[in-house]
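Input: structures, listed below.
Next, two complexes with chain A in common: one pairs it with chain B, the other with chain C.
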Partner chain A sequence: MTMDRALDLYDIQGNICKGYGRFGFPKARYFFLEFHQYAGARAFLQQLIPLITTAEPWSEKDHPDQSDKPQATTNIGFTYAGLSALGLPRRSLDGFPLEFRMGMKNRAGILGDEGPSDPANWDPVWQGEPVHAWLSVNGQSRQAVVDRYRQIEQLLQQSQGSVTIRPGHKGPQGSLQPWQDASAVYENGRVTPKEHFGYVDGIGNPYFAGCGNDPSRLPGRGKLTRDDGWQPLATGEFILGHIDEAREYPIAPEPHLLALNGTFMVYRKLHENVTTFNRYVDRLATDFDGSRELLMAKFSGRWPDNGAPLVLAPDDAAKAELDQQLAQLTAKAAAGDHTAATELRALKAKWIDFTYNKDRHGSRCPIGAHIRRANTRAALETEKDAFNTPSALDDRRRLLRRGLPYGGEDETPADDTEQGIIFMCIGASLERQFEFVQQQWINYSNDFHLGNDRDVLIGANNGQLTDKHIIQVNPKQGKAPFFCTHLPRMVETRGGDYFFLPGITALRMIAQGIIDPT
Partner chain B sequence: MANKFGNSYGLTTLCPLINGHQQHTSFDKITRHRIQLLEENSGSPFARIPDTYFARLFILNDVFFEQGNNVARDHLQSKYLVFTSNFHGDLEPYLQGMWNNAEADVRHIWQYAVAFDKVQNAADFIRYIKRCQLTTTLFFNGSTDDSLQQQLKSLYVKQAFTEFALQHQGKPVAELRAAFKTFMQQLQIDNIETPSWQPGQTQL
Partner chain C sequence: MSNVAGKAYGMNVMTPLRWWTAIWQKVIFWVVVKTFPYFLKGLLTLSLIHYARWTIINRWSFPRLDKSQPKEKLTYSYMLFESNFNGSWDQYIDSFSFAIPSGLDMFWRWNIKYPKSIPLHDFYHYIRFNQVECDHYYNAYPLASANDVKSAQALYADLAAFADSSEALSDDAFAAAWQQFLADNQHSLGSMGTSPLMSTSNQLVQEHHHDDLQLAARQTQQEEA
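Up next is the complex of A and B:
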C-alpha cells in the first residue's frame, strides 16, 4: 500500500492542472453550446475528443524546449442541463450536488448577485434556459485561437443542427458576439500579467498532490504545517475520485468512472467599472497618508505594479527599498552573477511564501484586503494550536483560479465599455469552496471580526457610508486607522454558470452513451 | 452542567400536553397552531418579557433515532410543549416578569398543558415551570451576560459611534470636538432606555 499514487495526467483536462496563461497562452475564446438531439450531440463529442487538451506535462514557459506544446488548447465542461440533454441516466444525474443542479443563476442570493449584478441584467446568452456546454480555446496567439475555433465550428456544421452555439455575449461598441474573447492585458505591445484596474494578477494559486507542477511552486501555495513548512493540498480538494483534506472522497455522481478525474468549474463574467474605480481611488488618495499605489495595495493586499505582497513591503519607503534591491539583483543576475541570481530567486519566492502570522492587527496587510479574505492562510487560527494544522480552516476553501481579462482592446476602458475578468475557478465542491468564499469571506466579515464589511474590489457594495474598508494601523504607533467609506460597486456580475469538467475516460463514455450507474 | 453561565440563565422545560382532541383536532395540534400564529420581532410576546435574549417554543411529538426505533418500546408517553429561554438574571424574577407582561399569551399557549388549569397566578406559574424544568446541558450563551437593555444600548452606541467615526474622519480638531460633543449629547450614554434599539427590533 502506498499513500501517494501518481495521477493519470493524461486522463485529466489540462486547465485543471495548468493555468495556461503561465505557459504562454495569452489569448482565449469561450463559447457555449446547446444540444438539440442527443445522438447527434454524442457524435459531435466523439469527434471533439481528440482535440481536448489533457494535463500531460509540458515544459514551463521559460523553458527552452517549446516543441511539446500545442499552439492552441481545447477544454470542455457541461451544465446539469447539458448532461441531461446528453441523455445521462436519471440516477447519475441525481448524484450531482444540489448547487450544480441548480446552476449559478438560482444561487444569486448566496452569491450576492443583486442590484446591477442581478441575473436579469446578465448578457443575453445567460437568459432563458441554461446553456449546455462550455468550450474554451486558449492560444499562443489570436490566430491560433481562431484556427482552432474554425476547426470546432466545422464539427458543429457536420452535426447538422444537433449542436449549435448559443450567441449573446456583449462585446465592444454595443455589439453582441457569438463568443467571449479574452486576452491578457498588453502595455506598449507587450503582454502583462495585469487586469484592467491595473493590478498584477495570477500569483496565488493552490498546489495539490499530483498536479504535475514544478515542486518549487509549493511554498506559499500548498497548506501550512506546524513547523512553518508547506505540503501539497490533498488531490481530492480539486479532482473527484481522490481523497480530500477530510480524508474522504468528495461528493460525486455514480458510477465512479463518471466522476473519476473530473471536477467542477465556476465561469463568471465580472465587469470592471474602471471609471468608478479610478475616481474612487483618486478621491480617497487626497486624504490618505501614502501614495495612490499604496492605497490600491491596501485594497488588494499586493502592490499593483509588481504584485509584491504588503506583508513584505507595508509602506512606500519599504516598497522603494524593495524595488531597488530587486533592480540591483536583476541587473547583476543578468550580467551572470550566480550569487545574485540565487538571491534574486530567494527574494522572488517571498512574493508567495508568506503568512499573516506577524501581522495579526493588519497594519501591514489589512485584514479585509482581497487576498487576505480569499486565502486566509493561517490567519483564522487566532489561538495557538487551536486546529490540527495552522491553515486547517482554509485548506478546504481554496480556489484554483483559471481566468483571463477580457475587453479593453478596442475601446478606452470606462464604466460603460466592456471589460473585466472572466473569472473561472475549479474545485471539487462548488458549495464548500467558491460559494463559501464568495458569501462568507468576500461579502461578509464575521470570520474576520469586521462586521458587515465587504471586499473593496468585488464586494456587493452600494456607495453607502457604512460600505467600508478599514486600513488598520499598528495599535502601538498611536496613529488612527483609515476608513474607506462609501465604497461603490467596482465589479458587477454579467453572467456565468457552473460546469462539470469530466475526465477523458468519462467524456468518452458520455460521448458513447454508455454511462451506467447500476 | 449548570443552568447558569455567569449572569445568563439557560432555561429548558418540557410541559406534557393533554392526550385528547377537541372537535377532531388534537391538543398538540391546537397548541402548535397557536405558537405558529405568534407575532414576530417587536410584536412577539417575548419582546415584552424583560431580559429575554433568545426564546423558543415548539412541540415535541416523539423520539426519533437515526438507526430506527425499537418501535415496541421507544415512544414518549405524551407530546410535550418545549419552552426554552436564554435570559439575564435568575429564574424566579424572569418568570414573574413573564407572567406580569404576557399573562394572556401564557394562558393561551399553555392552555392544554397537563394540570395548567390549576395555575392561577405568578407563584403558581413559577412552581409549574420549575416542575417541568430540565437541567440545561451544554449551555452556550451567544452574547454577553449583561441585562438586555444594557446590551441593546451597547449595540446602539457601537453602531452610532462607528457612523460618527466614518463621517468625521480627518476633520479639524475643533470641528471634531464640537461634533463629538453634540454626538454625545444625542447619544445620552447614561440613559439606558433611549436612544437605543428596542427588544425584538431587527432593523433601524
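Up next is the complex of A and C:
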C-alpha cells in the first residue's frame, strides 16, 4: 500500500495540508493579480517564492508552540488565463482539465449560480477578463497580515507595472476594496469557529495519506472499511502526481514536474443573507416542536453552538445531557484529572467519528441536512455490503475546506451588508469533487431519494412552496415529519474562480520560464 | 442527436467477444443470475440506474431487416450493454467503477481488450470507444428520475388506500391517521423539478434547440403576416 509513503511537504504549499485557522491564524487577506508582461511577472514570482509557505511540519504536536510557526503565511494559485499570461507552452496549457480551463463563471449552469448568484451580479473584480492569480496571506493577528501584505506590495511596485492588483471587492458601507479581508467571527473578544448565521463551521476535514496530520485525527475523516475502521484517503485525491482512489494518477498537465505536488482550489465568495435567515428561522420556530437551536441543527446536522452532531444528540433533552457531561468533564480535566481528560477527548472525537448507519430514516439527522449532503459517510450504501467498500460512492467526492468568514466587523449583519464565507476547497479534480457535490448533493437530491429538494443553507432556493427541506421523524412515534417550505436564498455567490496551486518546484520553473513538456 | 432526454441518459455499448467465449459467457450469466443474486445487489443499490441489461449476440445471429439483406460474416460475437440512468455519463461510469468494480469485471472479463474497471480512465476510454450513440431517445416523463417514479408510485398507492380508509374517521382520528400517513411516506415526498445540467455541451444543445424553436416561431409569424 501507498498508505505510509512520506510526502515531500517542503514542495507542497502549506494551505493544502493545513487549515491555518486551526493553527491559530484567525485573520486573512486575499487579493488577485493581473500579469501584463511575461518577463516582469516571472521576475516578480521569483522574488515572491521565498515568502511562500510550505506544508513543512511546524511541530511534532498538532498545536505547535508560538515560536515554531511564522506570524504570517503566503500562498499562491493561478487561473488558466494567468498561466497563459505567464507564457506556459500550449501543450502544457492544453493538459489542464476542461473545467479549470473554462473557469468558474462558465460553469454557472453546473453550479446553480443563477438569479442573485448569476455571475453578472458578482463583485466588480470578477467582471470582464478572468483574474490571473490568487494570493492569500493568513496571520496570527491583523497586524501580521498587513505587514506581510505591505511586503508583497513592495514587490509589486518593483515590478514596474508588470504585475498589478485587480481591485473591486465589495466591502463595508458600500466601499470597493483592493483586497478581500477575512476573519474568524469573534464573540466577546474571543475567536470562535462560527460563521455569521451562528453555526460552528469547518469541522471534519478529510485525512489523506502523507498529509502530516496527527494519526489520531484519522477516525471520521478517512474512508470507511468493512470492519467499521478508517483508512487514510489516497494522496492523489488531493495532490497531483500521486496515486488516487482509482489507482491511477489524476488528470494533470505535462510535464510531470509542473503537476507534481500541485493541486486545484475553488475560491468562492458566499454572501450570507443574515436577515432572511433569521426571519425564516423565527417564523418556522413558532410551529416547530423543539427549540430554535434544534431547528437550526436540523438544517445543518450539527448543533449551532458547539457543532455536536445530531446523530449524537438528536433532541433538546439529549443535547442538555451532552452539554452537562461536556461541562463536567471539561471542569475535571482543567483541574488535572487525567481520566476525565481522556474521556473528554473520546467524547469530542464523536463530533467527527460517526456514520448514519443507525439513522437510516433521518429521524436524528435529516437526510437532507447540510452535513449529510456534503459528506455522505457511507449513507449511500443503503443495502449492507452492496458496494466494494461502505464509502465507495463518497471517497472520491471529498473536499478539503480552507475558508474563513468575512465581514460583520464594521456593521451589524443584515441582507444588504457585506458578510459571509470565503469558501475555499482543495482537490485533485474540480469536476469530480467540488462540482459534483455542489450540483448533485447540494442543489439536487436524487442520490438521497428526495427529488429536487436542495440544501437549506447553501442551495439555490427561490422561496417557492417546493423549495423545501423535510425533517424526518421516527415513523413509529405517530408524528408527522416537519416541512420547511418556501426556502429563501440564504446564501448567494458573489464571485470566485478555479485556481491551480503549483508545488514549489513547479512554481520555480514557472518563474524561470522553463516549463517544457518536450 | 443527444443521449440525454430530461433526467435520463441512454447508453448502448457493443463490445466484441470471441465466438466460443460468448457461449461460455452465456452460461456464466445464467449461473450468476440463478445462483448468486447477491452479485447483483450492488447494481440494484445504485439507485441512479433504471435498468442495465447485458445481451450476448452470436456472430451468426445478428438480425436482418429482410431476407434480401445479405448475411454479414462477422469475426466476433458481441455483447450488447444497454442502460438508462439518471445523471451524467461520468457519474454513471464513476459509480459503477467505485462501487462494483469486481461485478463489472465479471460481466466484461472476456471482451476483447477490456481493461478492467480500475484504473478508471482506461475503463472510460473503453466504454467511450465502444459506445453507440442514440439516434432517437424519448422520455415520457422528462422531469422524473427512476427514484421519483418509484416514490410517486408508492405515494399514490398509499394515498389511495388512505382515502378509502379515512372517510368514516372522526376529526381527531383523521388527524392522527394523516400524521401517520405522512410519517410513513416521508421518504417519497421530494419535490419535482428539471434535471440538473448534465454538461456544458448539453447546455449548448439545449440552447440551440431553444434558438431553433424561436426561429421557427418567427418564420411562422412572418408567413402569417
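By definition in this document, the second predicted complex is superposed on the first by the 508 of 518 C-alpha atoms of A that agree within 3 Å, B and C clash if a C-alpha of one lies under 4 Å from a C-alpha of the other, contacts with A are read in each partner's own complex, and residues count from 1 in each chain.
What we mean here is this: a residue touches a chain if its C-beta (ideal position, glycine included) is under 8 Å from a C-beta of that chain, and two chains touch if they have at least 3 such contacts.
Only a predicted model underlies this, so the values are computations on that prediction, with no experimental measurement involved.
Applying the stated contact rule after C-alpha superposition, one finds that A:Asp447 touches chain C and leaves chain B untouched.
When the two structures are aligned on the shared chain, A:Asp287 is found in touch with chain B, with no touch to chain C. Look at A:Arg107: by the touch rule set out above, it reaches chain C but stays clear of chain B.
Of the two partner chains placed around the shared chain by superposition, neither chain B nor chain C is touched by A:Gln512.
By the touch criterion defined above, A:Thr342 reaches neither chain B nor chain C.
When both complexes are overlaid on chain A, the residue A:Gln127 reaches neither chain B nor chain C. Contacts of A:Glu383 after superposition: chain C is touched, whereas chain B is not reached.
When the two structures are aligned on the shared chain, A:Thr466 is found in touch with chain B and with chain C.
Set against each other, chain B and chain C touch different numbers of residues in chain A, with C touching more.
Residue contacts after overlaying the shared chain place A:Gln160 against neither chain B nor chain C. On chain A, the surface patch touched by chain B in one complex and by chain C in the other comprises residues 466, 468, 480. Looking at the complex, you find that chain C touches chain A at residues 7, 41-42, 44-45, 47-48, 86-87, 90-91, 94-95, 97-102, 118-122, 145, 147-148, 151, 176, 178-180, 182-184, 186-194, 196-197, 199-200, 203. Against chain A, the residues of chain B that register as touching in their complex are 162-163, 165-167, 169-170. Here chain A touches chain B in the complex through residues 287, 465-466, 468, 480, 482-483, 485, going by the rule given at the top. Only residues 102, 106-107, 109-110, 112, 245-248, 251, 361-362, 367, 381-383, 385-388, 392-393, 395-396, 431-432, 436, 439-440, 443-447, 449-453, 466-468, 470, 472-475, 477-481 of chain A touch chain C when the two sit together in their complex.
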